[in-house]
Amino acid sequence: MTYTLTDLQHGKAEVRIVKVDRGSDDHVLHDLNVTTQLRGDFETAYTEGDNAHVHATDTQKNTVYALAREHGVTSPEDFLLTLAAHWRTQPWVSGTSLSAEQFSWLRLPTNGHSFVRSGQETRTALVETDGDATTVSAGLTDLVVLKSTGSEFHGFPRDRYTTLAETDDRILATSVTATWQYAGTPSSSGGGYDAAYDAARAAMLDAFAGTHSLALQQTIHAMGSAALDAVPEIARIHIQCPNKHHFLVDLAPFGLDNPGEVFFAADRPYGLIQATVAREAG
Amino acid sequence: MTYTLTDLQHGKAEVRIVKVDRGSDDHVLHDLNVTTQLRGDFETAYTEGDNAHVHATDTQKNTVYALAREHGVTSPEDFLLTLAAHWRTQPWVSGTSLSAEQFSWLRLPTNGHSFVRSGQETRTALVETDGDATTVSAGLTDLVVLKSTGSEFHGFPRDRYTTLAETDDRILATSVTATWQYAGTPSSSGGGYDAAYDAARAAMLDAFAGTHSLALQQTIHAMGSAALDAVPEIARIHIQCPNKHHFLVDLAPFGLDNPGEVFFAADRPYGLIQATVAREAG
Amino acid sequence: MTYTLTDLQHGKAEVRIVKVDRGSDDHVLHDLNVTTQLRGDFETAYTEGDNAHVHATDTQKNTVYALAREHGVTSPEDFLLTLAAHWRTQPWVSGTSLSAEQFSWLRLPTNGHSFVRSGQETRTALVETDGDATTVSAGLTDLVVLKSTGSEFHGFPRDRYTTLAETDDRILATSVTATWQYAGTPSSSGGGYDAAYDAARAAMLDAFAGTHSLALQQTIHAMGSAALDAVPEIARIHIQCPNKHHFLVDLAPFGLDNPGEVFFAADRPYGLIQATVAREAG
Amino acid sequence: MTYTLTDLQHGKAEVRIVKVDRGSDDHVLHDLNVTTQLRGDFETAYTEGDNAHVHATDTQKNTVYALAREHGVTSPEDFLLTLAAHWRTQPWVSGTSLSAEQFSWLRLPTNGHSFVRSGQETRTALVETDGDATTVSAGLTDLVVLKSTGSEFHGFPRDRYTTLAETDDRILATSVTATWQYAGTPSSSGGGYDAAYDAARAAMLDAFAGTHSLALQQTIHAMGSAALDAVPEIARIHIQCPNKHHFLVDLAPFGLDNPGEVFFAADRPYGLIQATVAREAG
């Protein structure tokens, strides 16, 4: 029996590249984890093991390193666009999904070439092409934030299986995963993709802190709206947040009160809330 | 400025439930990690922090445990269908995505209630509803397999960035992630979802082993086709495989040959190949 | 100011080697993760950056691969002994700590060269030398076991901070980490280190299953004693077990009983119990 | 046959506690992961399942939470000392090993109760008691640092298995794990354990950056000495550093040079170097 083949993709995942710009005494690091995926006319590799159209994943890896040298790395988005432009011209390739994680480093004050890894979060970027069309997305994962007050949760429906007490003061903690899509190159702010990333991140942090939260949903909406407010080129943003529950420990059995001071930070299960906030109807 | 809200979902992730059937001296374990996501009329939670429509994720967790007691757990798919039937009747809910991982245990011969965790792979299940429509999918992750011969890779195009040598004998190793969608309840084989899972898994293993591989793509196609051959109710299967590279170590500098005996198992980067094999055109 | 330097060690960690024995159509895999650590007269590397005595860790890695080809790999213990014999003869080396993890594979029935990763646990081995003295240890990690009945816990002291209820029927689950030291080569059973490992593992599983447990401590003692019973060359065994708590879910709020059927498998915190069982007083 | 039991320990591992100090509008967070281990007269639990002397691990967990409320949490070391003082007075307990990880948070500028997780590294603390004796240790893990120049490696011995080229300019990157032991309470600097931690961390970072490195060993010695210089109460420090290799990519096949710009960041294997630097001979 013959079946239908679709969704054919191949590439090299997690190409770890560190690019050092030595143009001045203050070195600049770009520490990326790049994944390539090519789509196209690859069917005979699957059906017959004929690799005549298969851009070997090892070649894709080499291309990442070579193009980093030839074209440099500024932002992860720009680098992925460079890669996309290369593969767009290759035979048998009809589309690509190119993604990157970028890890942040802080330069130490001692000299210009010593660094310490900073931050918990990872910046992400995604460039997708389909024929002549190109989509650029950016985002972050593992941005871990916490409010020790200013969060309530009540008014939810109670059914046979509801036991949760209402609260007007709880810890709200989450690890933000966000991905936003650009409608155009973020040049208005003058700094391109890096400045747009910084502005979106700062806006989300500010919205998280500044929102008196009646639900994690409300906070997500506020963060998404803030990113759209801050960067006009962002067309839409998807945010996914686990509710990292911090349970107030019942100290009454030990003759102690617990006025919002001692919490158990739970692992699993966790609430999981998500939404997309878009500049225009989708 | 007002933005558009879409993709609203909330639920409880990673509800770890172990259900013990004590119906006979040979206990039966179902060890599941369940994630629920509800979709529906939840917008005011996001825009105003009004939770009147929000089925609290704590309630969803309780529901998982209570329904496991009330209805029992047979297969993960059947249990998720039980949960789906419950939430379909709840106000404000228009759709659900309910997923589970199932971990496998082997009963020890000493008695009927002692077990050892077995296998590397995790069985997965996914039930999605949208109004009256229901889709049941199943799959597995982390099925790690290796062939120490019977794998070649050559005939790929060579461009400026190609350095990979062709080979007619290499180690082929991967960690299979597969997800297949059922067109109907897999009853023909008599064993329902459990038997269908076992049959699909066995067929994929057999295809992996039995395919003399000219490309990992070819092996993926063979595994997908074998699953479709083995279980008639499977409509389509998506398979994603990292190419877990095992590089032959060059021992010539030490005056030694290496006739396919000593390999370095690399971590990153790795090839990443995927495809969907469908019974009918998509 | 001058300080004192001690505990100088360097080596290559996590050398991933897969050795394929192709002596017959049924290939044999040894899949190891080897870590080397050399001790000796290395002080000037620390104090002056003078590497004249430093066996480069890259050289140590090469040595692992080369000696695997020259001497073959039978058991991990024997392979580490081969490495130890090599480095014992090197200048400036006074001692070594050589360890390995071994991952298990099951040959698929289709042919002699296709394998699936099996088991959750990892076999471990450690060879330490100090001058002419050699110590061989073996063990395992991540052997995950569970009893769905046959476990009690009561009679513990109650103080101001005690809230735990006593129980005469609970789930007992753990992930065994064990390390045992050989007083001599385990030859009596005819199979060397591999047979000794299999015998110790089987004895521990049997003791876990067969012990009606009043405390995880008691089960640990039974497992350790069983390993000593099973393999006369084992001098002592250290066992460390997390108590992977499975809490009976209170279903009473939902009008349901829960006669030992529905459990929440918790992540953290977990009990952590350990002991050494020795053939003779330490 | 009767065997000897030693190394008896039990406790609760990974008690996740977040303590919020609400004494002012600027809240203070202590986010700890506490592990307790008690040693003492616990043998009958192992031999007979008699728990009369067993301080239940659940009680130990409760004690952590209750004492955090009763005594507050300042530094992790001080909190562990509070716990140690409690268990020292309990019957059947002869010694303890109490450890903690502390995760760092940065207060956001918006208000006094919103935080973002900061830094990659985790602060660690360990208090051990044996009868009346108490030892306080502190440290850190996962302090990831990198120098993009100012690191050489040459002059190492070459034997049959040596292929590594010498280099006078390489990336040096590592993830520092350090543990130091206090000879007395670090009060001289005025800030207690927190100020001592900050001073030791800063001194190590400064030494890493400021040392022109001829070997990672030399850098380790410099970091250890710097910590001893900075905090007079530190008696000894143990440092363990993986050499996180960054390999210069050979771009010559593509007609490109690579003057220290494009690197592959490898995972495994990695060099592993360690040493103890002590104020006085050990």
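Labels A, B, C and D are assigned to the chains in the order they are written; within every chain, residues are numbered from 1.
In this section, a residue touches a chain if its C-beta (ideal position, glycine included) is under 8 Å from a C-beta of that chain, and two chains touch if they have at least 3 such contacts.
Keep in mind that what you see is a predicted model, and the values were worked out from it rather than measured.
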Shared interface partners, meaning chains that touch subunit A and subunit C: B, D
Distance-maximising chain from subunit C - centres being C-alpha averages: A
Contact-richer chain pair [A-D vs B-D]: A-D
Intercentroid distance (Cα basis), subunit D paired with subunit A, Å: 29
Inter-chain centre distance, subunit A versus subunit B - centres from mean C-alpha coordinates, in Å: 23
Distance between chain centroids, defined by C-alpha means - subunit B, subunit D (Å): 37
Sequence positions of subunit B contacting 2 or more other chains: 16, 62, 66, 160-161, 163, 253-254, 267-268
Of all residues in subunit A, those that touch subunit B in their complex: 1, 3-16, 35, 37, 42, 45-59, 61-63, 66, 90-91, 153-164, 213-215, 217-218, 220-221, 224-225, 228-229, 238, 242-243, 268-282
Subunit B-facing residues of subunit C, complex: 16-22, 27, 29, 31, 62, 65-66, 68-70, 105, 108, 110-111, 113-120, 143-150, 171, 205-206, 208-210, 246, 249, 251, 253-254, 256-267
Subunit A residues within the subunit C interface of the complex: 160-161, 163, 253-255, 267-268
